[in-house]
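Structures for review follow.
Heads up, the next two complexes both have chain A, just with different partners, chain B and then chain C.
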Partner chain A sequence: MAYIRKRNKRIFLIFLLPAMLVLFLTTIYPMLYAGYLSFRSYDLAKLFVPRVFVGWSNYGEILGSSEFLHALVTTFKLMAMTLSVQLVLGVGIALIVTQKLPGMPLARTLLMIPMMISPVIVGLVWLFLYFPELGYLNYFLSFLGFDSIPWITSTDWALWAIAIADIWQWTPFVMMGTAAALQSLSPEPYEAAMIDGNSRWDVFTRVTLPQLKPVLVSLMFLRAIDAFKIYDIIFVLTKGGPGDSTEVLSMFIYRQSFTFWRMGVGAAASFVSLVIIVVLITLFFKSLNRDQVS
Partner chain B sequence: MSAITLKNVIKKYGAVQVVHGVDLDIDEGEFVVLLGPSGCGKTTTLRMVAGLEDVSGGELSIGGQVVNNVAPKDRGVAMVFQNYALYPHMTVKKNMEFALRPLKLDKAEVDKRINDTAAILGLGELLERRPVQLSGGQRQRVAMGRAMVRTPDVFLFDEPLSNLDAKLRTQVRWEIGKLHQRLGTTVLYVTHDQVEAMTLADKVVIMRDGYVEQVGTPEEVYTAPQSTFVATFIGSPSMNMIEAKVVAERLEANGFSMPLPDRFQGKVTEGQAVTIGVRPIEIKRVAASSTGAMQANVEVTEYLGNEALLDLRVGPHELVAEVPADQRVEPGKVIHIALNEGAIHLFDTVSGRTLSE
Partner chain C sequence: MTRNLRQNILVYALLAVVLIVFMTPIYLIVSSSVKPSPIMFQKPPAFLFTPTFEHYHDLFAMRPFTKFIWNSLIVALGSTAFSLTIGSLAAYAISRIRHKRMNDVAFWILSMRMFPPIAVVVPYYIIFKSAGLLDTPLALIIVYSTANIPLTVWLMKGFFDEVPLALEEAAAVDGYGLLATFWYVTLPLAAPGLAVSAVFCFIFSWNEFLFALMLTGSEAQTATVAVMSFWSSDAVQWGRIMAGSFIILIPGVIFVLTCQRWLVRGLTMGSVK
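Take a look at the complex of A and B:
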């Protein structure tokens, strides 16, 4: 027995090795290297300047820079815009598509399509829709007699344009999770409420929502973590502009690293964003555990 | 005035008819049990009374008013579900409060009702617990409490004891009976368990395949079953059934013969195929020499303490006899038995209906 157990231990390491190798090469090594870079002055534009150790000065620079703070605020602003709409719309649509009506299973499937499209493609599709002068959206607006809207060319609208594309893509995710949770609820309490005469509103707010809450909290955390990393759609639609109106954290990092070639500063900003994501993920697992306890 | 009346009530799911014209009168304060094997349409009938299923045909009245198209909440009924249907995220108290919400009572009245009900059902200690923190029997009582606080005109129960273990089932059954005596509310109760039906009911409605087979007091359905179905369904162990023919004033079956009891004179015709029904307790051991004695092989003996069940073979027929425990015999032995002629039932084999009337 002891012999087998020992052997099994070694075999399990062999099976793990390829995965660990990939994880190391694609995640752990780059992360450690970024950590190393974040403490150096490393300017790709000045190839022959030595990459000297500069202590916390990269961190000091970004935390003190209004551009970085602006990017951080924009990220959270976009997060708040998309998450709130996705929550309300997702739950609303889930309530509709879980009704026992003809066509609902098909509707459920069709509604999930946006989620399965690559964000770059989503960005391109919305680019066609938003395009000034030639875009479909403005065409329809003028068709209906409205003024055209400078979707991605005005600082007032650009962030909303991004948010709408993200909402279009990710509301189905919230809908799917909510619909699954709705369908797992036992139907009998609803019949009891029907006989007792509880109003639809009371049943929704006091029976359905409380039972959905753990799932909704999880869905919102997952969306928040994702929204924090939003990149593709913005890159395709606005590249952070006009001005800096849609410059979120990931765009800021991209610009520091690959436009200004300031690798050290970019790496430091990445680490700050990593810390924020770790906090979000920790809160997420905390909330999961709390649900399990109760 | 009757509390609930069903007149030729029908239920169809699409083209499939599952309840075929049920007629039933339930008096104010009566405890009526719908009894029948699984799938016979008991739950469907109950759900039509509750308003959770539409009535496909016929007329359903509650309190003298036709309610075919009345919403469940306006029927004055409260229902206790098989799986309790408690709100899982609410405490016991909140569960009852939520049931009272539509009545818009003031807080003092709500608290009074909840406390009174909790006292009756012994839920006082449990008011702040949530359903997951309760045992099956406690959940059952909470479900009853939630129905009781609304002081409905009619209680509907759907197999309320089926999720409880045998011991609890007996206890909660007893509590339900006591509760009915105390509150005097009309009850319509669904079960497939004849013991529940016999112990609780003022009136038993025996259903089979969507039809009502017989309606009567527990005593009537036991002593005067109207059909072979009711005869075998009620009573444990089941009534023995022997297929026979009427031949020259005698009941003749393969390897079995007895004189036709006088009370069936004129009710049967020569050559009619009949089914003799006899309860296990009406089969007696007799001396070999006594008149009408039949020879029987004992195949299995089940000792039950006070009495014993003998599985007997008489010719091609298998019979179960219930005898006092001290009269039991070893399997493999041959004994002599006689049927208590005064207690046999006679059914027409073709229609399955009784010939006793």
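Take a look at the complex of A and C:
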């Protein structure tokens, strides 16, 4: 370490500077700007109304509106739907593809493809599958004895239609993380548990799961942060409809800002979403630090 | 049948179901892109048909799709180059400075990529509008760097941590300055990290949709936005959509097939080793 002297330390700080500066200008500054806008009446539909300071009224408006609260609830509902299925399916598939059998590495690789596909393309291919009258999904399901489901045209199903597309794309993420963790587990506790005559299920719940827990917690936080931002798939599949059944927070902000041109209200909603995401990120980092300590 | 054989058959049967479910949408993109329009939704689906390249012909001959792909390439390559330069320098500093606040700096940088894009799209729109940058590749290059720099910093930090300090000290003894050491000794040893970061940055930018939709018009439109525009309520041109989708998904698929072992590290931000 001797060679990292004081003088060098200063040069290192210069190395760090451009990144900090760029991130400040491109992320912090726009966020502060959103904060500034959220206290103004910035209504592009009314060109000649001056953009005046309006205090907390934009916040009052969104927090008092059932639309905004509905969007917030829908966001968390969708998060709960996708995360729970992804967790169970992802761990299940990881258990299959980590078996020491021929073909498994190839299967793992193939299953990672959905994650690298643009969310718009994911939305479009699921639209193709869901398409009313024509789509193949109902045709496939009819073999399993299901009635035709109005995927994207019914308020009961639209949120599930979006959840399924997201689950398809991101279950591989949980699978991949869990598989990597499973392969790094030490074999001794298993041998001991097997010798003690425990059933496979007991070994899984008492030996495997506790060891996987920190990884699963991290994976779920990363998924939650992403689920909170979900946008593209909804934009392609339902645009928030039918009615407001799939209007999550990002769609609410989009519509307020770019359909009604009420930038001030959109900015206030953005700021509320920033606060929520900061909480999620902080919890995530806390959980990471705890792992590193223990 | 032994217990083991039966178990293996069960495992493969489950795997077959999983693979069918997860691969069908990808198969549909590929097959529909070369399926003649009249049998696009034919049931039961035609598995054997004479492939047609009319959709690709339409895509390139009737629409300026080449231009949109070109835009996507410029934006993705531009943002990748910019993010790698700035990001790897910062990562090197974070990896070498021993200070208890350094961890916080690293987390701060990482958190920058987790914010919801929709929350900053309004300010971006207003800022770029007043700067005259709306509908230019430069706007997207700047915006994508906000996600790509943190990713590069985080990935490269891991690679720099693995470069033995003894080598750098030896270079210092030989009279190399800090920049020379970084350029001639450390960076070549972390070259795989640069490659992985570059691919992640490229694919993120290539796949992005929201900002591209909001901040570009007819000039700087990227391929993802162009494909979406073939969707209109009166006549959905599924053939073209699928042909465009197939072209867009090529880089991602190549990445998965060639360097899947880096995916874990890149996507989980190092929370899974």
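One rule holds for everything that comes next: the second predicted complex is superposed on the first by the 265 of 294 C-alpha atoms of A that agree within 3 Å, B and C clash if a C-alpha of one lies under 4 Å from a C-alpha of the other, contacts with A are read in each partner's own complex, and residues count from 1 in each chain.
Just so it is clear, a residue touches a chain if its C-beta (ideal position, glycine included) is under 8 Å from a C-beta of that chain, and two chains touch if they have at least 3 such contacts.
Small disclaimer: the values here were computed from a predicted structure and weren't measured.
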Three-chain arrangement built on chain A, chain B and chain C clash or fit: fit
Partner chain(s) touched by A:Asp196 [first = chain B, second = chain C, both, neither]: first
Chain B versus chain C as contact partner of A:Phe68, first or second or both or neither: neither
Which of chain B and chain C A:Phe39 touches, first, second, both or neither: neither
Partner chain(s) touched by A:Tyr59 [first = chain B, second = chain C, both, neither]: neither
Which superposed partner A:Tyr136 touches (first chain B, second chain C, both, neither): second
First, second, both or neither for A:Met112, with chain B first and chain C second: second
Angle at chain A between chain B and chain C, C-alpha centres, nearest 10 degrees: 80
Partner chain(s) touched by A:Tyr254 [first = chain B, second = chain C, both, neither]: second
Touched chain A residues, chain B compared with chain C: C
Chain B versus chain C as contact partner of A:Val207, first or second or both or neither: first
Overlay on chain A, chain C to chain B nearest C-alpha distance, Å: 11
Common interface residues of chain A - those touching chain B in one complex and chain C in the other: none
Contact footprint of chain A on chain B as seen in their complex: 50-52, 71-75, 77-79, 81, 83-89, 98-99, 101-102, 146, 150
Chain C-touching residues of chain A, taken from the complex the two chains share: 1-4, 8-9, 11-13, 15-16, 18-20, 22-23, 26-27, 29-31, 33-34, 37, 93, 96-97, 99, 101, 103-104, 107-122, 124-129, 131, 134-136, 139, 168, 171-173, 176-177, 180-181, 184, 215, 218-219, 222, 225, 228-229, 231-232, 235-236, 249-250, 253-254, 257-258, 263, 266-267, 270-271, 273-274, 277, 280-281, 285, 288
In the complex with chain B, residue positions of chain A that touch it: 186, 188-189, 191-199, 202, 206-207, 210-211
Touch list for chain C against partner chain A, complex: 8, 11-12, 14-15, 18-19, 21-23, 25-26, 28-29, 32, 41, 43-45, 86-87, 89-90, 92-94, 96-98, 105, 107, 109, 111-112, 114-124, 126-127, 142-143, 145-146, 149-150, 153, 165, 168-169, 172, 178-179, 203, 206-210, 213-214, 224, 227-228, 231, 238, 241-242, 245, 248-249, 252-253, 255-257, 260, 263-264, 267-269, 271-273
